[in-house]
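To start, the structure under review is shown below, and the notes come after it.
To keep things simple, chains are lettered A, B, C and D as they appear, and every chain counts its residues starting from 1.
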Amino acid sequence: MSRDRGSRLLGEGIIKGLAETARNFFGSYVSKQRLTTVQYPEERIPQDESFRNFPFLVYDGSDPEAGLRCVSCQICEKECPPKCIFIEKSKDKKPDAVGKPQFYPTVFDIDVSVCMSCQICVEVCPFEAIKMDVKYDYPTESRFAALLFDKHQLTKSNDYYHQIHPTEASAVDAALAAEREAAATKAAAAAAKAAAAKPAATAGAPGTATASAATSTVTPPSDTTAGEPR
Amino acid sequence: MTTAWAPITEPNATETPSLGQPAPRPAVPVTSDSALAEQYLEISMGPQHPSTHGVFRMNVVLDGERVIQLKPVFGYLHRNHEKIAETESYLGNMPYTDRLDYICSITNNWAYALAVEKLGGIEVPERAEYIRVITGELTRLQNHACLLGFLLQDMGASGTPLMYAFREREKVLDLFESLTGARMMCNYLRFGGCRVDLPAGWLDRAKAFLAEFPRFLDEFERLLVDNEILMERTQNVGVLSRELAVSSAISGPMARASGLNYDIRKADTYSIYSRFSFRVPLGHHGDVYDRYMIRFLEMHESVKILEQAMRDIPAGPIQNPAVKARLFRPKPGEAYGRIESPKGELGFYLISDGSGIPYRYRVRPPSLINLTVLEDLCLGRNVADVIAILGSVDIVMGEVDR
Amino acid sequence: MTQTPDQVFVILKHWLLGYVPTSVHAIASAVLSILPLMVVFPLLFAITTLLERKGLGRIQNRLGPNRTGPMGLWQPLADGIKSLTKEDIVPFTADHIVHFLAPVLLVVAAFLAYAVLPVGRNMVLVNLNAGVLFFFAVGSVVELAVFMAGWSSRSKYSMLGAMRAIAQMISYEVPLVLASVVVIMQAGSLSTVDIVERQATYTGIFPHWYVFTPWGFLGFILFMIAATAESNRSPFDLPEGESEIIAGYYIEYSGFKFALFFLGEYLGMFATSGIAITLFLGGWSAPLSVLTFIPSWAWFFLKLLTLICMFIWVRGTLPRLRMDQLMNFAWEFILPMALFNMVIAGLWRFMNPGAVRWFVCAFLILVPMFVLSALLKRKKKLQLRTYSFAE
Amino acid sequence: MELEILKSEIEAAIPDCRLEIVPNPAPSAQHSLRVAPEHGLAVAFFLRDSCQFDFCTNVTGVDWPAKELTEKIKVKQLVDGEEKEVDQVRKTTVPGSLEAVYHLYSVERGLGPLPLRMRTTDRESGVHLPSLTSVWRSAEFQEREIYDLYGIVFDGHPDLRRILMWDGFEDHPMRRDYVEPDDYEYEPTAHDEVLARAKEHAAKANTV
């Protein structure tokens, strides 16, 4: 874009600049595009659906303790770049959504003053147990203790998750539902096979064996790194 | 009551400076010791200074208003990014690269991803390459707009061009927020592709933004490009010769303003830049005005690239399935990958010893290396020019100090 | 005394004087004249700070202050209270007496300049027959106050700012005076009241303002450029170049002294634009003969507000000049044009009136303007650059 | 491949200098050229002037601490009377060194990265390398950074000072064996060892 122009009066560029600011001055009364102020506390820019801030733990159903998806496999604790997640695993197990006994975290702290909401934990979690929240204003009185969110402050229901990230939540639910069906069909197939094998193995207490056989033959959970769906 | 100008007494050199005391100042050439002797005024511009673009300090020795000696001082924002990188996994380093040049976070991610892909020999699917070009060029647009605003703010135009530039930048950041989830800390690219596909309607919003971006460029040009005061303040100020530019590896718009035809998108083509037709503007004088205009013309070129990229972006996967993000262990070896970031040549040099953690992780910071010639450009000029020249170098302290 | 609304303040003053015993008559009349000026112009200063921030905001696509009061109306009050309550820090090595006196001297000098300003029909504080001379004499005291501030705060940045301020103000004082000499030549008197009287007559509905003559228009432009420099306003705000030397000579001031500096600067701006109105825009006279029913003081303040908006508009647009460019511009462009303008005014005076005179003078002004601007351009090698493109 | 040609060219031009090609197993195949420190300057001038490598983009410091290689070898040994094959673990320690890597490009000939490497004799006393700032001006700040973070002293550098750390700092933080001082202020996250250290410091602080 080369432009050549003879020598002009000294002030011509300045006058053009002044005309430009005048257009913006009068434009600001007319067009919305030239007045970009948003009165923050009263008006707020509508938040985009994929906005992310600090993480939170998802639980299905109504009871936060029982429906917690997190099985405290501590992958997110290892992968978190600024190391701001602290998990302590439970001794006993509780049945998860599919009914399989899994560990659960007795302590799940996230130090929000260190977390940079980079969502690496969401990416590496194999159980869709941790998702990104959208709430960003957490006024607290002390810098360290109050900003260390414990499990109760972090757990939020799945329909809250549907509220803030609708498309992502429905995709996650679809994937989980598919997984559960696969697990259920495999369990049913295993039960059927066990039932077929049992009559061949003549006697044996039918009732309790099939029940325990059904649950135990379902793919035994490997304690540390579970299979990775993604 | 002392009427004569009593110089502030020097802390005697013997006592070691405690943390509160300033370090004993370097010997300032004082011609003779009589009270009326000609003394040089030694001021420190920064680290708290309205126009040093962050915590950057210059020890300037002035003779009246003319600069005799200018020593830059770095390190106020030094977090030892490379030491942290030697304790994090490859994936864990990606969010930290956003914090290098915190104005263009996606191009930082791109440079790191490119280096790791060279290290691991990873291909990137078509659609991911197009998304990378689109987000990279959008980053260039908002970085150049941002810089022109700051440069004019340094030269006294009280906020008006800066506000116009930021009005446009906000639109780009909104696009990034809806794509990656965060406005400035995108953490969006992965080794072998991107993290999330374009949400529905994102491409149309991007096209709408692109349609009216040239209007901002024309407005900016009418506002100031022909302005006599700006021309007087910037023409023939801080001239950088082509030989000095090559010898001190100056890269980016600052080098092209001195006529050095070295744009990495063309010279060392990476990704799919060979498919787009765009031109590289070159200046002939290498002064602050040329650096201002080159960035201005580069915005026009970026708009052209974006139009072509948005027109023929294919459907398809956005992530190379073979690459496991979490337990990624490249084979031992080393690789140096570089891209044309808005500030210059941003390179990553990675040495891997086969484990999941990089053995050596080095960032080639364009801002720091472009500052090598700051003293050569500023010698003999006066204080107002030092600020204009520093503004035209376009530094971001996150990248300079790492 | 014809229309009462025009003379309402004069009548009010005389009515009040009636209650005062004749012994203190002189002092009371002086106080009754000074007091309204001491109230009106600081009030105008308050309004201007709000106008400036709202105007700059609108230029920059934003709203400007609107939180304090309906349209941000109480913002000046808030600023005043803030500056009163802020702690007044004086650097330890500062020269305390001179440090304290600088803002006081600045404000006193600024107020003195209003003595000769004809705010309305026979509403002038003191009708000196050398009014303009008095104005420029008092105007130069401001430089002294500025240098006192810079020198006494013993800080390097304030020292740089003070040096710059002195150089700039002195080099723009000369063209300021020369641009006004043209009007004095034409009006034949130094008294501001006579100058306004001479411009208040009309032919048909058009007034005899000097700005409508070619030399008057050029004089007005030169005067306004020099006035911007004199009051350290935008393209020439080098003494307090925020991006370079942070705040120049008043960097070491805080609290009310800092507010006093602003008051002094704005009062100086009103005074110089007041004199510009008196010399070129016909003081308090109405722009059209049919509009004389509006009181004369209203016209003065209306013109003052338009000039203030011009200052704000220029501040929102232009970047800052560098020190040596500022000086070259003063000595190599403004001064020669002002001298040339005096020659043209002389020619205008001795040619018989009519269209011929108009075109000759106008032509004789445009020629040197182009020559000088081309000369200045070539010396600085300013040109629009072309850029090559590599494929 | 052209690196061999380049190596032979250099060795022809500069009589007694020995060059060594360091293969790079990664797919990027950026093989590098190692030169002895005493010939570094001569090789650099030759590369810049005759081979037109005039764009030195990146200067990196790398720390190779001493390594212990343990390998099993078969050793004939007399064991209670007769000859027997016995495998034995032998520990050989590779001496540690600091290394400076210069990535060179050519603007005219558009040549790719040529990493030029120089190693110091050891990591304590012999940490001297020739400074290539006189050849490529871009190395000035980067060599100061390597001196600051790794401790390689570049002889002939115009202004070798610390660039990132403050002048009163003694140690070199990027070395592998750098021990972090544990008395700098940090924000103790209220958890495990960080918390423990904070408590221990608090105890020590108010006792002394």
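Here, a residue touches a chain if its C-beta (ideal position, glycine included) is under 8 Å from a C-beta of that chain, and two chains touch if they have at least 3 such contacts.
All values reported here derive from a predicted model rather than from experimental measurement.
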| item | value |
| --- | --- |
| From chain A, the most remote chain by mean C-alpha position | C |
| Chain nearest the overall C-alpha centroid of the shown protein atoms | B |
| Which of A-C and A-B has more C-beta contact pairs | A-B |
| Chain centre separation in whole Å, for chain D relative to chain A (CA means) | 42 |
| Mean-CA-position distance for chain B and chain A (Å) | 33 |
| Between chain C and chain A, distance of the C-alpha-averaged centres to the nearest whole Å | 62 |
| Distance between chain centroids, defined by C-alpha means - chain B, chain D (Å) | 27 |
| Multi-partner residues of chain D (at least 2 other chains) | none |
| Junction residues of chain A - those touching two or more other chains | 1, 10, 14, 17, 20-21, 24, 36 |
| Numbers and ranges of chain C residues touching at least 2 other chains | 59-62, 316-318, 384, 387 |
| Residues of chain C defined as touching chain B within the complex | 56, 59-62, 93, 95, 97, 156-157, 159-160, 234-235, 237-238, 241-246, 315-325, 380-382, 384-385, 387-391 |
| Sites on chain B touched by chain D in the complex | 17, 23, 74-75, 78, 80, 82-83, 118-121, 244, 246-251, 260, 262, 267-268, 330-338, 345, 347, 349, 351-352, 360, 362, 364, 368-369, 371-373, 401-402 |
| Residues of chain A touching chain C in the complex | 1-5, 7, 9-10, 14, 17-18, 20-22, 24-25, 28-29, 34-37 |
| Complex contact set, residues of chain A against chain B | 1, 10-14, 16-17, 19-21, 24, 36, 48-52, 75, 79-81, 116-120, 123-124, 132, 167, 228 |
| Interface residues, chain D side, partner chain B - complex | 24-28, 30, 54-58, 60, 62-63, 101, 103, 105, 107, 110, 112-113, 115, 136-138, 140-142, 149, 162-168, 173-174 |
